[in-house]
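Take a look at the structure set out below.
Think of it as A, B, C and D in the order they're written, each chain with its own count starting at 1.
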Amino acid sequence: MKIAFIGLGNMGGPMALNLHRAKHTVNSFDVSETAVTRWRNEGLKIAGSAAESVFGAEVVITMLPASQHVDQLFFGGGAAVGLLDSIDAGALVIDCSTIASSTSKKLSEAAAKRNIAVLDAPVSGGTTGAVAATLTFMVGGAVQDLERARPLLEHMGKNIFHAGAAGAGQTAKICNNMLLAILMIGTSEALALGVANGLDPVVLSEIMKRSSGGNWALEKYNPMPGVLDNTPASRAYQGGFGTDLMVKDLSLAQDNATGNHVGTPLGGLARSLYAAHSLNGAGALDFSSIFKMFHK
Amino acid sequence: MKIAFIGLGNMGGPMALNLHRAKHTVNSFDVSETAVTRWRNEGLKIAGSAAESVFGAEVVITMLPASQHVDQLFFGGGAAVGLLDSIDAGALVIDCSTIASSTSKKLSEAAAKRNIAVLDAPVSGGTTGAVAATLTFMVGGAVQDLERARPLLEHMGKNIFHAGAAGAGQTAKICNNMLLAILMIGTSEALALGVANGLDPVVLSEIMKRSSGGNWALEKYNPMPGVLDNTPASRAYQGGFGTDLMVKDLSLAQDNATGNHVGTPLGGLARSLYAAHSLNGAGALDFSSIFKMFHK
Amino acid sequence: MKIAFIGLGNMGGPMALNLHRAKHTVNSFDVSETAVTRWRNEGLKIAGSAAESVFGAEVVITMLPASQHVDQLFFGGGAAVGLLDSIDAGALVIDCSTIASSTSKKLSEAAAKRNIAVLDAPVSGGTTGAVAATLTFMVGGAVQDLERARPLLEHMGKNIFHAGAAGAGQTAKICNNMLLAILMIGTSEALALGVANGLDPVVLSEIMKRSSGGNWALEKYNPMPGVLDNTPASRAYQGGFGTDLMVKDLSLAQDNATGNHVGTPLGGLARSLYAAHSLNGAGALDFSSIFKMFHK
Amino acid sequence: MKIAFIGLGNMGGPMALNLHRAKHTVNSFDVSETAVTRWRNEGLKIAGSAAESVFGAEVVITMLPASQHVDQLFFGGGAAVGLLDSIDAGALVIDCSTIASSTSKKLSEAAAKRNIAVLDAPVSGGTTGAVAATLTFMVGGAVQDLERARPLLEHMGKNIFHAGAAGAGQTAKICNNMLLAILMIGTSEALALGVANGLDPVVLSEIMKRSSGGNWALEKYNPMPGVLDNTPASRAYQGGFGTDLMVKDLSLAQDNATGNHVGTPLGGLARSLYAAHSLNGAGALDFSSIFKMFHK
């Protein structure tokens, strides 16, 4: 398949490479010279511009930092022409960026008028998952478009969920990540409380795991150093999913919640606690380092 | 074995009956005439007083509402003599009440001076678990005392966890239940946010369950009506674990947290939200009804 | 002065009338037929369109519900032409709507290119203040533009604050109102706690007022019925500043906070509590009715 | 008057000295040798024991760190005899400690049986106020007992409030200080949000002070360095009212709130934020340093 891949960051680069290695024709682009050099050296073909990359492409995949970048890329603004004007009718756009669901919907609607299909397909799994092709995709858009995309997504990831119509992939991701942040903080509080009472955190973790306190953060990603091997907590919170990325997802969740008049006391508080944690210097540490707010 | 069982409420009654049916000699007592009549009719032998019930007992089991009842029973106060003076040296006390871990420790220390062993063994599983003998016990105390108790506990429950020394059973329970409340509210927020965006709650629940949002409340006790069968949510929040019981456990957790100087932003907020929910008339509904605070 | 006044709602109508009564030439407009009829009957001159109302106007005043309305009015969209194209160079726009400061800044910048000055001048004081010309204006924009506007603002209000450059009026308002919501909830909690302990709320209010708990909500707008006369609390929370309006302002504050990466644990929680209060049926009650969440 | 004064810490010492300088006969005591030496050097007469200090005293004043110290002093425990047995019938006890209102009530009731009157009279104003005799007293107990105490209190403080019956002084203090913590955090959030938007904090403070955001923390104790002179914020948060003291008062408030089933979402969150702030190393800084959680 002829694929354009725009956005060769720490996530996009490995994803494009996995498609390239699966023998697809990948024409890629990034505005950063550093990124371009790095991935050209890895074997990716680099186009001279975003518009050039999509020339003749059946599928256009984008992986950009935030809503405004997606908006600017596809719709243009100022002197820039929007990429939608360069993509062939009949093509499929798969936007893997984590952005506002309202931006995803707007893109989908504008593209539909040009007979271009769009999926919002934000991922989880981090850079490790991007390299190992074990990402999780949460996909919004039409079922038949997801089926067109599936063979490609399977070269980049392992779990592919259809969340609903346009924008639903974004919504599913922020709901999940908001809940994840709550699980992580709540688990940290419970462990800190137990340890302050003299309990062994390994024993307490095992009890809660087998009781009604069981959750992903406790079982797979325990925030207390030493409870589990191979977690960021057990390597000084290096690697993993950074605090600042969690702040970004929690902010998207809150923007959505205010717009939809949904009360989210724990989700909103999670955002503020992570913002304070970042301000305190932990922005680059794994998000499980929030445990340090409760135990030293 | 000769067992005294004090406290024949909705939990204690069925627990005592299960021991009776297992051919143990159970001498039981409750201050409530109604309770006494009910369980006598079920076949339990009823003593004339708490002191009389423990006469010659090898094991004394108690199931009382709150710290002050346990304190008053064992230590007396005013004109009343404490039960510790009536229990035989060498006997084992198993206190199944959910109370402050400080009270459990105090009881354990005072009893040790009389050569009476004490386990704190609060339960989860509700009245259904008490009747079906499927309770979970979280036990604090010495290992050898737990081994003495185990055959009896196995007539009343299924999972038996040793949490640590005296008081650790109480601590494990409040840590777990504080975390459970956070899971329930967080799951409710995430589902309400998804649904407000048009997502199907069954689809969203499935996605989060298989992602990093997975947790007991989402998977086993989903708070949105219609997502799972056989949950309180799907029968108008009747039955299950009442809001007011959750308020009690969250209050114990907060009392412990303030005493130990542990910050618990989500746990403290959970207490206040459940208190508001109770004030609003939901005290007797299952605790998953907190979902109604976020979605109507 | 020749003034265009666009937006004749419960706030805008009385404001326009006050300018009219001060002998200014006011050409007004609203998209609602009901509003137009009402204010024509009160003596206002009504233009056939927004564009017509600004014809020849030296000052254009707008009072609209939300950011999207201001954006749509001035910039157009779809088939509609933006009002900026119809306003005379040299004119002054005073936007009294409470909207995102980013929208205010965008308007100010676009207008400056056409040599049109813009002030953002959101108000507080409610419909009572609009009628009585006792509103408070928080103004963003250039000092000299505020001086041009001042004589007009003084016909509509009493306190006029210059908060800073474009958008600063909006920011000042959401900071103030976020703080106000926190004062109101915090005061409600303190009073409920005191009363639950048997204290007289009048005595407790007086003590806190004269101590370090003193604040506007406690002193001027006490949320407990019976403590102060002439407050919404003392008339079943009728009138005043509605819960849903507070939700709107708190949502603007949160959107701003997420965009600027500022942690606001109490402000974010205030939004969620007011959202829950509204969902529970209190949207039209005065915002001091949040007291009922803590005391029945 | 013959006065016993027990508890010569940073607060109690200067208070006792002010009574001594007012020509009362003060017989004082403290368990700390350091404290005893210090205040003997300042001129205070020191008794050999607490029991000795109250011999023949008409008024007994106590200023102790926490509930357990008051309980232990008056009721004894272990080998120790309670001080109540040594105080003359007809005497008046004024307990200036900040403790649980339940302990104050228990003391008052036990003392009444011995015809000893008790006032709970916790103070605010800090060590500066203790030295300058400008403390605020919040008093619980009978009116006639307060009138007996008033001449003495006036040698130590400036504002004397009668909050209600026994324990009401304690309740009033924790209600006030819980509200104060909320004012401080809320004010910090509002200022941080404004400053992040480019506003001048002096201007924003002035606007909110004259609007509905006005409160004691903003106006008298502004947490942003440079806004007000002579605040702890303007001397690197040195002096003032320490974070750890605020944690203590917020913990008392939460213990009371859980016991009385009162929801306190902002008050509970304030406790957890201050606990995190203390854990982060700010325990000895003034409590307005919480501002650093929101702005660096």
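Operating definition for what follows: a contact is a pair of C-beta atoms (placed from the backbone, for glycine too) under 8 Å apart; a residue touches a chain by one contact, two chains touch by 3 or more.
No experiment lies behind these values; they were computed from the predicted model shown.
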Contact-pair count is greater, between C-D and A-D, for C-D
In terms of CA centroids, furthest away from chain B sits chain C
Rounded to the nearest Å, the gap between Cα centres of chain A and chain D is 50
Between the Cα centroids of chain A and chain C the separation in whole angstrom comes to 37
Chain-centre distance (mean CA atoms) for chain C and chain D, in whole Å, is 40
Where chain D touches two or more other chains at once, the residues are 261-265, 269, 273, 276, 279, 293-295
Among line, ring, star, complete and other, the chain contact graph is complete
Contacts from chain B onto chain C in the complex sit at residues 265, 269, 276, 279-280, 293-296
Residue set of chain D touching chain B in the complex reads 247, 251, 254-255, 258-259, 261-265, 268-269, 271-273, 275-276, 278-279
Counting only contacts in the complex, chain B reaches chain A at residues 101, 124, 136, 138, 159, 161-165, 167-168, 171-172, 174-180, 182-183, 185-187, 189-194, 196-200, 203-204, 206-208, 210-218, 220-221, 253, 256-257, 260-267, 269-270, 273, 293-295
